[in-house]
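As written, the chain order gives the labels A, B and C, with residue 1 at the start of each chain.
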Amino acid sequence: MMKELVPGFTTEFPGVKVDVQDVGNPAIWDKITTGLAAGGQGLADVLHIGVDYLPAYIEKFPGGLADLNTLGAAKHKDMFAPGLWETVSRDGKVYALPWEANSAGFYYRADLFERAGVDGEALQNWDEVIEAGVKLKEKTGVRLLAIDKAATQADSANLFQCLMQLQDSFYFDMQGNITLDSPAAVTAMTIIKKLNDAGLVADQGGGWNTMIGLIKKGGVAVQPMPTWFGGIIADTVPAEKGKWKVRLPPPVTAGGKVSALVNSTHLAVAGSSENQAAAFAFAEYVLTRPESQVHIYKGKGIAPALLAAYDDPVFHQPSPFFSGQKMGEIFLDSLRQPSYVTNYSADYPRALKLVDDAQSKVLLQGADPATVLRQAAEQLANQTGRKVVR
Amino acid sequence: MTLRARALAPYLFILPAVALFATFKLYPIVWSFLLSLFRTEGTVQSFAGPANYARLVNDALFWTALGNTGVILVVQVPIMLILAGALALAFDSALLRLRSVVRLGFFLPIVTGPVAYGLLFAVLLNPQSGLVNWLIGVDVPWLSDKFWARIALGLALTWHYVGYNAMIFLSRLQSLPRDQYDAAAVDGAGTWRSFWHVTLPGLRPVVLLTVVMSTIGTLQLFDEPYVLTRGGPDNALLTLGLYLYENGFRYFDFGYASAIAYALAVVIALLGVVQFRVLRDKT
Amino acid sequence: MKRVMLTSVMLLAVTAMVGPFYWLVVGATHSSAEVFGSPPPLLPGGHLLDNLAHLQETVGFGRTILNSLLISGLYTVLAGAVCALAGYGFAVYDFRGKEALFGLLMLGLVIPGQVTLVPLFKMMMAWGWLNTYQAIILPNLALPFGVFLMRQTMSAMPRELLAAGRADGCGELRLFVRVALPPMRPALAALAIYLFLYQWNDFVWPLIALRTTDAYTIPLAIASQTGATDTDYGAILAGTAVAAIPMAVLFLFLQRHFVSGLLAGAVKE
């Protein structure tokens, strides 16, 4: 998708040669990591980095990513969705420009909900969601949602993480202390456990292909997935046009938050790059021009962090697949909310692994949420030397 | 040729290997050992002495990984080698004419690299839409249950390596001198006794060869569990190789990763020395 | 009766061995969606060319195959020479420091490969060797298992043969090439297959040292098809099937020697 923007860029910046590399997702981390570990050299000029790894790269490889403020990034500060600038900056320096911004969403089979006599829009909290799920299963035989119970993929605890973020909480607090067994975390994990104990959770071990398979089979009624996933559902089951609806996730407790920025990706410039100015110009071309972002959205359904891009009519059209709802606007409303700034911290990969393991224990062995989270928090403290705050 | 030149000759023969090894293995190995004495977070380093090794002792995941590796070593390797031996015996007695076809059949698994066959098994064992569950008509939770995930890894490893080992057994069997069997037959030994007294001792050297090779392979196991489940569920397939990799290339903790590597090397060396001794004494 | 049982057991074994491989070929000819269809496909489909075209489009698979062939071929020849020379040196001569040097090389068998990744990467970068063939080929030329195998094989050689050669005034290198090597053909064939296979399938080091798609080897190209979202299993299976062809051909040609050579080396009487 980025490749398609290259010709336009080179006409505007003649003399700059752009080579976009496709590296498989797991593979890209190895490449960037070894490059940074070896003093930041041998890297591409522009790097595509997710929010999960960005803090680790910033903290553990000082100088690995260029300070974009020196290249004039400051002027873009207010262009992006709230909360994102904090994510890419650290101690007065800016290490990346935001690319995609995904808000928590809740896609559901409106036809099945209707058959079960449940109004999806009316769900006020997750207890009601569980109640609805039980009715749904009785009336239609379909389970509410699916989780990769064995955590075969790193992102298996997405729902848990999202439920924490809806409570303005995360694995780390802003000071970098561990809050993995906070009351909010236990609440979130307990919801997951209740869903599972009520028999509402299908297993999607194996990740992506299993998830797509389940959607095709009509195996689950809800996909608690972020912005970008809408297009995937529409592509997977085009015949179910009009049967799906989308809303923001029900709050954890009635009246609570429904908006959460659950992930974002960014373009950074390697500190070792000899063409930092040109590299930054390319990142600017892709990320700060609404036309570029609209083009990418139309092609791949990737939701821009760039707010100006949303002026394009494409975000305000009713979506026939989602029963005529204006999907773009629903997520835009969420994106405009003041966002809880999530501190992923440099140890997010470790935390994520422990969360995955804890969730597997709850789902597969019926373990107690508070216990497994406390163990995970202690193990994380042991591994990282961070303090657990309770 | 002068005597001096002749005295120099062996050094010249081994020079390329030793020089290359020193540059590309020994030097990085020493470098890496120094690294294991540092607390590293990416490029941020501070000298820590044996702190990383002390961390190992208290790290539950390290012991889990060691235990998993041990289980594979004690369960999967013997089963695979016995299976390989049985296959070799079966084919030795019967299918001599089809030998090259059989050999190719056995060799096919090994030509698919670890990443490739790992992905292949992940597809075949997919619980919802994989071929295996469809064929047996039961929804076995391959890869999503601790027990079944271990079985799945065992199946994949066995599929990949059993034919290779069977070939080694087979050609050893066929090189065993026939007159020993004849002598045993003259003594009135039955099939079972001649197997026990002639075949088995004859196989001994290859048993040790395959045991050593499988042990080293198992201890460094990485690609297959990584591709199948990333080491899960709940660390059921976490191997030492995988844990080392995660610490180095996921968590950027190169010092700790190096310490794991050295712990692993000690384990391999100990097992290797024992097995090597036995192999050498007998041959 | 016994025969029938034996035959059916063997048929079952061969089916179990060949089955997954057969399905790999089947999967290679289907689209990713069909691969995960229900029921799964059992017969070849018509998607092979599309899958290969996809590989060609995304990573330049033709170039990838060429890279793999060149790297593995060169590596096999060079590493074969290095290992044979060293094996011969260790096997037929007695010299100071012999066991110490050999022990040092065998250290490579026990130290896990992952240990050397970061230092090796820093070295390659300092020399400007990233993304080059030599970065892949050189580090593993002195493969400990290869040296071990060659030493074991060569030590079976009758010393009288060498002594006779020396008496005729034959130089040491000539002796190696003319007298020692020819009877070693099976062992060399075994070594060649082993080395080729090793390099052909090696994953982690090339992943780190090769930076752009035009330098990729086959395992990298295959792995690059697994995205966070849409993994193209059709393309992966097609690439895997194609990657197996050269190995299968090589094996067909050298198979007679492979196992006997491996045995001759590792099992001394």
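In this section, a residue touches a chain if its C-beta (ideal position, glycine included) is under 8 Å from a C-beta of that chain, and two chains touch if they have at least 3 such contacts.
Chain by chain, the UniProt names read as follows: B = Sugar ABC transporter permease; C = Carbohydrate ABC transporter permease.
Source: prediction; values computed, not measured.
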item	value
Contacts common to chain A and chain B (chain labels)	C
Between the pairs B-C and A-C, the one where more C-beta pairs touch	B-C
Length of the line joining the C-alpha centres of chain A and chain C, rounded to whole Å	40
Computed distance of Cα centres, chain C from chain B, in Å	15
Junction residues of chain C, two or more chains touched	36, 38, 117-118, 204, 223, 226, 233
For chain A, residues that touch 2 or more chains besides their own	30, 34, 37, 39, 209, 213, 217
Touching two or more other chains - residue numbers and ranges from chain B	126, 129, 254
Residues of chain C that touch chain A when the two form their complex	32, 36, 38, 58-59, 117-118, 121-122, 125, 130, 204, 207-208, 211-213, 220, 223-231, 233
Residue ranges of chain B in contact with chain A within the complex	41-44, 58-61, 122, 126-129, 141, 143-146, 149, 229-230, 232-235, 246, 249-252, 254
Interfacial residue positions of chain A with respect to chain C in the complex	19, 21-27, 30-31, 34, 37-39, 41-42, 44, 155, 208-209, 212-213, 217, 232
Footprint of chain B on chain C - complex, ascending	3, 6-7, 9-10, 13-14, 16-18, 20-21, 23-24, 27, 35-40, 81-83, 85-86, 88-90, 93, 95, 98, 101, 104-105, 107-120, 123, 138-142, 144, 147, 169, 171-172, 176, 197, 200-201, 203-204, 218-219, 222-223, 226, 233, 236-237, 239-240, 243-244, 247-248, 251-252, 255, 258-260, 262-263, 266-269
Of chain A, residues touching chain B in the complex	29-30, 33-34, 36-37, 39-40, 56-57, 59-64, 148-154, 203-206, 209-210, 213-214, 217, 346-347, 349-350, 353, 356-357, 360-361, 364, 379, 382-383
